[in-house]
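Next up: the structures, one after another.
Below are two complexes that have subunit A in common, paired first with subunit B and then with subunit C.
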Partner chain A sequence: MSFVHLLRAEWTKFRTVPSWLIGAVVAILVLILIGLVSALGSHAVAAGPGGRPRQVLLGPDGRPVQDDFTFVRRTLTGDGTLTVRVPALTGGETGLEQWAKAGLMIKANTQPGSPYVAVMRTGAHGARMQYDFSGDIAGPASAQWLRLTRAGSHFTGYASSDGSTWTRIGTVTVAGIPATASAGMFVTSPPVEVYEQHFGSAEGNMYPTQATATFDDLTVAGALGADDWQGGPLADTPGQVTRTGDAFTVSGAGNIAPNHPDGNNAVERTLVGTFAGLTVLVVLGVLFVTSEYRRGMIRTTFAASPGRVRVLAAKAVVVGAVGFVAGAIGSAIALPLCRHVLIRNGNLVFAVTTGTEVRLILGTAAAIAVASVLALAIGTLLRRSVGAVAAVIVLIVLPYLLSTAAVVPADAARWLLRLTPAATFAVQQSVTAYHQVEGVYTPALGFYPLSPWSGFAVLCLYAAVAFGLAAVVVRRRDA
Partner chain B sequence: MLNEPTGPDLAWRRWLLRVTTRRPAVPTVPAMNATIEVTGLRKRFGRTLALDGMTFTVAPGQITGFVGPNGAGKSTTMRVIMGLDRADEGNAHIGGQDYHQLRRPMTHVGALLDAGAVHPARSGRNHLLWQAHSQGLGAGRVTEVLHLTGLDSAARRRAGGYSLGMRQRLGIAGAMLGDPPVLLLDEPFNGLDPEGIHWMRGFLRGLAAEGRAILVSSHLMSELEDTASHLVVVGRGAVVADTSVEDLIRSASGDRVTLRTSARTDAMNQLAAAGATVAATERDTITVTGLAAERIVALLNHAGVPFSEVSAHRASLEEAYMELTRDTVEFRGAPVPSSLSVSLSPPAPASPPAPSSPSAPSASEVAR
Partner chain C sequence: MTAAIRAEWTKLRTVAAPLWLLLGAIVLTIALGAAAAASLHCTGAACGVDRTRFSLAGVQLGQAVVAVLGVLVVGNEYSSGMIHTTLMAIPRRSVALGAKALVLTGPVVVAGLVAVAGSLIAGDRLVSLAWTTGSTLRAAAGSVLYLALIALMSLGIATAVRDSGAAIGLVLGLVYLFPILASVVSNPHWHKKVEQIGPATAGLAVQATTDLKDLPIGPWPGLGVLALWATGALALGLATLRFRDA
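And then the complex of A and B:
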């Protein structure tokens, strides 16, 4: 008996129970509608006279960035090399931030968000070379001397502890910096983010900090402009520049880094209804087998097809396919629809690449599909609808809600999202947790402890183990 | 058997051979080896011994009744035959094969195990359709068996709304999907109205006449009267009697003859002298054991004793069955005094069931 016959039989079983087909449609609808209700209920409007909708600064690759610092610069045309000593980097009242930065920079212009390459000292992470906001290369742990060389579109960063022995940090190629660019010294210090979680809500609050650095022994090889060194904060952040002879004392605040959205303005909030659609589909996955046990129909099935594991596999393919298709349709509609509503209501939704959108949609579909297979396996093991549905919800939906709705503390939430099949919701994370950006990366703000596909793999592991157990049991047990 | 192709174009010729030598969709003529052979089945559920050396054979071309009280092991035996339950010992074969060796098993054996085993929201037609698909059969065959069982008009309604009788027909339709040479039906008469019972009997007889082997279980012997020609009577997990219906009735009837005569004393003397056991039952009636009716008539005529009626006793199937299974019923009410004095075997010790010593000779074993 071919597996195709089995598949066809199981699919016939599924499609001929009207309430199951309705259930699949309901799953699609709740997935979309919960996202839609959430989008319709979210408004961002100009508050008070002079209020403006929130603007977001975009970097060279179109992704949101922060670009606030104090810059002492001159124009540099063509190739060149800047060398400087940074003997001191100190913090303000709250102390020196780990990611406070002071160093050399070549930037396309002084427009916020324009391309740049920089080499710097940091508060606690040694010398670094950073470029175009997300690029970050670690250099020597302690270095007072910094050097930045331009050769066309190739930039090389060096660091040294004595000014004579240099360590090359890295060479990067950055397009978009014109022949005549701004070059000079910069200082910035990122805000401290304080995470507050109350039962059911979570937020990160920012408090600004400041850093002050001393620069001396500045040498520049290359065609500098006729103007003298001039400087100040690039945006409306506090900062000042004092020049004493050839030494500069520069203070600054802000950050030059990728901007990380939280759950409220990340695109995955459009898929917030996933847990509900998944719940409906796992109930179908359970019922697809328990309804046969309840009425003794499983005997008809196993008499018609004595290869029980193959029957189980055919059932898994059917509920998995139903879950995948329903999840794909639901999320493929919910994502663009809810995003449109959110943006129309004035909300900020951070843009993502098409690849990320596809990953969110197909990842959601795959997660629902595998969860349905897990539900089928648990239904086979328990043979009771209520117990099996409860087990699947406790395994998947409950940990997800507890951790992402800020019910359990952030650390507990991270463990839940590592150890339970709810880890699979990581496939919906579009926001990136940058190691070089201090921030609050908790599940309640949309940051999962595992990468998207490792989170999905946790669910797959659960499903595989449950299916294996079900296969063993179903072979041994009398039907 | 076709020769294995050899030579350069081996691969595609093998493929061609495979696609051109497909087996026919449904075997049209029941195979000669249309049998069920059950040998020495033993199965224990916890402390209960459900099957205790169950052994019998079902032959083609006739209906074999599989009777016994509730709990005698009929359904368990059928589940073992269908590869659903695993026996601790012994084996069951269909046409000489283990169930798990059958390819497309519904074309080898059709079974009705539980008429209630349908999803109530699925239509009868779709209930058959998935079964057909599982065997590689199409919707056409579904239409045929619906017609065969008279369900055409109800086919597209929810099976949850079917009467028990319609569900029995649906179960039969499912068993007939693969047009199998062997049929195995568990209590198919349950819930049928008289018209339904009549239909079922005729239907099963027709199938048997086509040469199929048919095993029909029932806990009521009366349902099998006029239907089964062979009986496997079971009790407490083993066969009590494996006999044709004719032999069973003959043996159950014994050789009792009832004689009505005005000259009771003369008749009793004459017959006792001829070696019979004679008992006076009513004022003008005596019961004779040990002589055939023809012989009694000849003796009395010869002696000039007047008599008005001689009747050889013929037990009903029900009586014979009750007698057989009397000691094997596990649960029953207070004993009902029976005037029947037939005995097929030496009287079994009327000992209560002893679950702690299942290997002790049970009443059923003695009876067998």
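And then the complex of A and C:
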């Protein structure tokens, strides 16, 4: 029998058992409904003004950003160079934050979220050049002098420890900064995030911090506007500017960086029903083979097509395809539907690119498909449905539960999500961990130790090994 | 009833699987509990967390094995057709199911005692527990009862569903999905509600020894919720047995 015939035979077996077809539909429904229940049960406690959903500030590339700082600026038209010395950068009562920033900036305008290029000294990470919120280039470890040059849309940052020998940090091209832009000195200091883990729950709390910097020896080559230096916080963060002759003392709070959402406002929470759908498909995957053993049908199957591994492969293709289609339909409906409900309930849901949405949906479908194949393989090995179903669910769902529902400490949780098939849920991570943004990046808040597709590969590895073992066993063992 | 219990006991002890499953439940419970306690990297009150609860975290894994046993006690009879013989010998459905429930509970309680004692001894060596307090005893006794109730709930669901594969999927779904669902329901009121009605989220509240006021539900009322689940499942199973042909 050709493989196509085998596939047709196995597909016929699947589709002609009504309870299995119902099972596949149930998998889709629970995937959507569990997400819907979680969305409906998530009325935001503190919604935005007028009960409308809170808005999140978006950067030039449409991704969420934070843009709070104190800015002392003038308009600069055309090309130019700013040079300044920052002899002191100090923290407030809680000390200097490692990502406190003070330096020079050229920004499209004073609207939060507009494009910018900046060169700065930081609390503990030396001189840096940063641009458009996510761009970050490391410079010399210690530098008091900073220089920022504009040539059209090309910007170059320099740092120096003495004001005479300069080190070039980098040159970047940033579109969207008009010929007449705001240029000047800025200070900001990010809030510290304190992470508290209790048994079964975890939360991160933000506490604001402040930094103060002195600037002197400011020189500007270029066409400055007629108004004198003026400054203050851009948003409603605290900050002050005092001027003594040519020296400025500037204090500020906030951050100029990508905004990183936690698990509560990341879009993947709409896919929480994945676990319910996956459980149903694991049962189907196991039953697809164990019921043949139970009823003796397997002997007919193997008599009709003696190539047992090919039979197993055909079964795997069928359950994998069913799992993929069910997962894709379920998550393609659940994601937009639950996001709509969440936003209507006043929740903040961070926007993601279409590519990320597609990855979340297809990744979920692929994870369910491979989990179904793993279930089929373990069902073949054990020939008993109960043990096989329990084994697969314990392998996939329990590690996820232990690590993301904050049962075990973050370190142990990261190892669980590297070593067990639960690593595959990294395909659902939409949030990004930025090295230049201090934050709590734990599994309980949605940050996986592995990248999406390498996490998925861990599950594939388990499925491949189980399938290989099943293939060996099914050839050696009498049916 | 005595005869029914003896019959069920003979069925249980003369096959190898239940013994292996109970041993597996003990080993896995202690192993995961010890691993969870070891992951704390601290001992004594300095940890600032509920060390007893960490030491008993293995129940999360042990319950899956106990659920398998609970499902198999009746599921195997349906798949082998043995259920016809059983019901012919004991025509009263309530007696048949009651005998199964009693025979299942005994060994699970014994295995639970060993598993919980082993977990606490391992936990004490790793993070030094406060043995003498009543709350530790409550957590220990409650964990044993928890395992027994999970087994009974599994028995009830398997009797109602009849297909053992679907039954174990349903049991583990109920046990594991509520905590995951609770972790994404952000409204505090509904978050608490989800934790109060889930069999595992409510039932495992009995393991808490510190910060009892932060629990979604009190330790014993939480175990009561699981008892309701088990009772409901058994009632459903009994109804299925009575009103449907085997």
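Simple rule for what comes next: the second predicted complex is superposed on the first by the 470 of 479 C-alpha atoms of A that agree within 3 Å, B and C clash if a C-alpha of one lies under 4 Å from a C-alpha of the other, contacts with A are read in each partner's own complex, and residues count from 1 in each chain.
Methods note: a residue touches a chain if its C-beta (ideal position, glycine included) is under 8 Å from a C-beta of that chain, and two chains touch if they have at least 3 such contacts.
Quantities reported herein were computed from a predicted structural model and do not represent experimental measurements.
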{"item": "Partner chain in contact with A:412 - subunit B first, subunit C second, else both or neither", "value": "second"}
{"item": "Subunit B versus subunit C as contact partner of A:394, first or second or both or neither", "value": "second"}
{"item": "Which of subunit B and subunit C A:148 touches, first, second, both or neither", "value": "neither"}
{"item": "Which of subunit B and subunit C A:187 touches, first, second, both or neither", "value": "neither"}
{"item": "Most subunit A residues touched (candidates subunit B, subunit C)", "value": "C"}
{"item": "Contact residues common to both interfaces of subunit A (with subunit B and with subunit C)", "value": "19, 291"}
{"item": "Subunit B - residues contacting subunit A, complex", "value": "79, 82-86, 99-100, 102-106, 111, 113-114, 116-119, 121-123, 126-127, 129-131, 133-136, 174"}
{"item": "Residues on subunit A engaged by subunit C in the complex (per definition of touch)", "value": "19, 23, 34, 37-38, 41-45, 197-201, 263-264, 269, 272, 275-276, 279-280, 282-283, 286-287, 290-291, 294, 347, 385-390, 393-394, 397-398, 400-402, 404-409, 411-412, 444"}
{"item": "Residue ranges of subunit C touching subunit A (in the complex, touch as defined)", "value": "35-36, 39-41, 49-50, 53-54, 57, 60-61, 64-65, 67-68, 71-72, 75, 79, 163-169, 172-173, 176-177, 179-188, 190-191, 193-194, 201, 208, 211, 214"}
{"item": "Interface residues, subunit A side, partner subunit B - complex", "value": "1-2, 5-6, 8-10, 12-13, 16-19, 291-292, 295-297, 299-306, 478-479"}
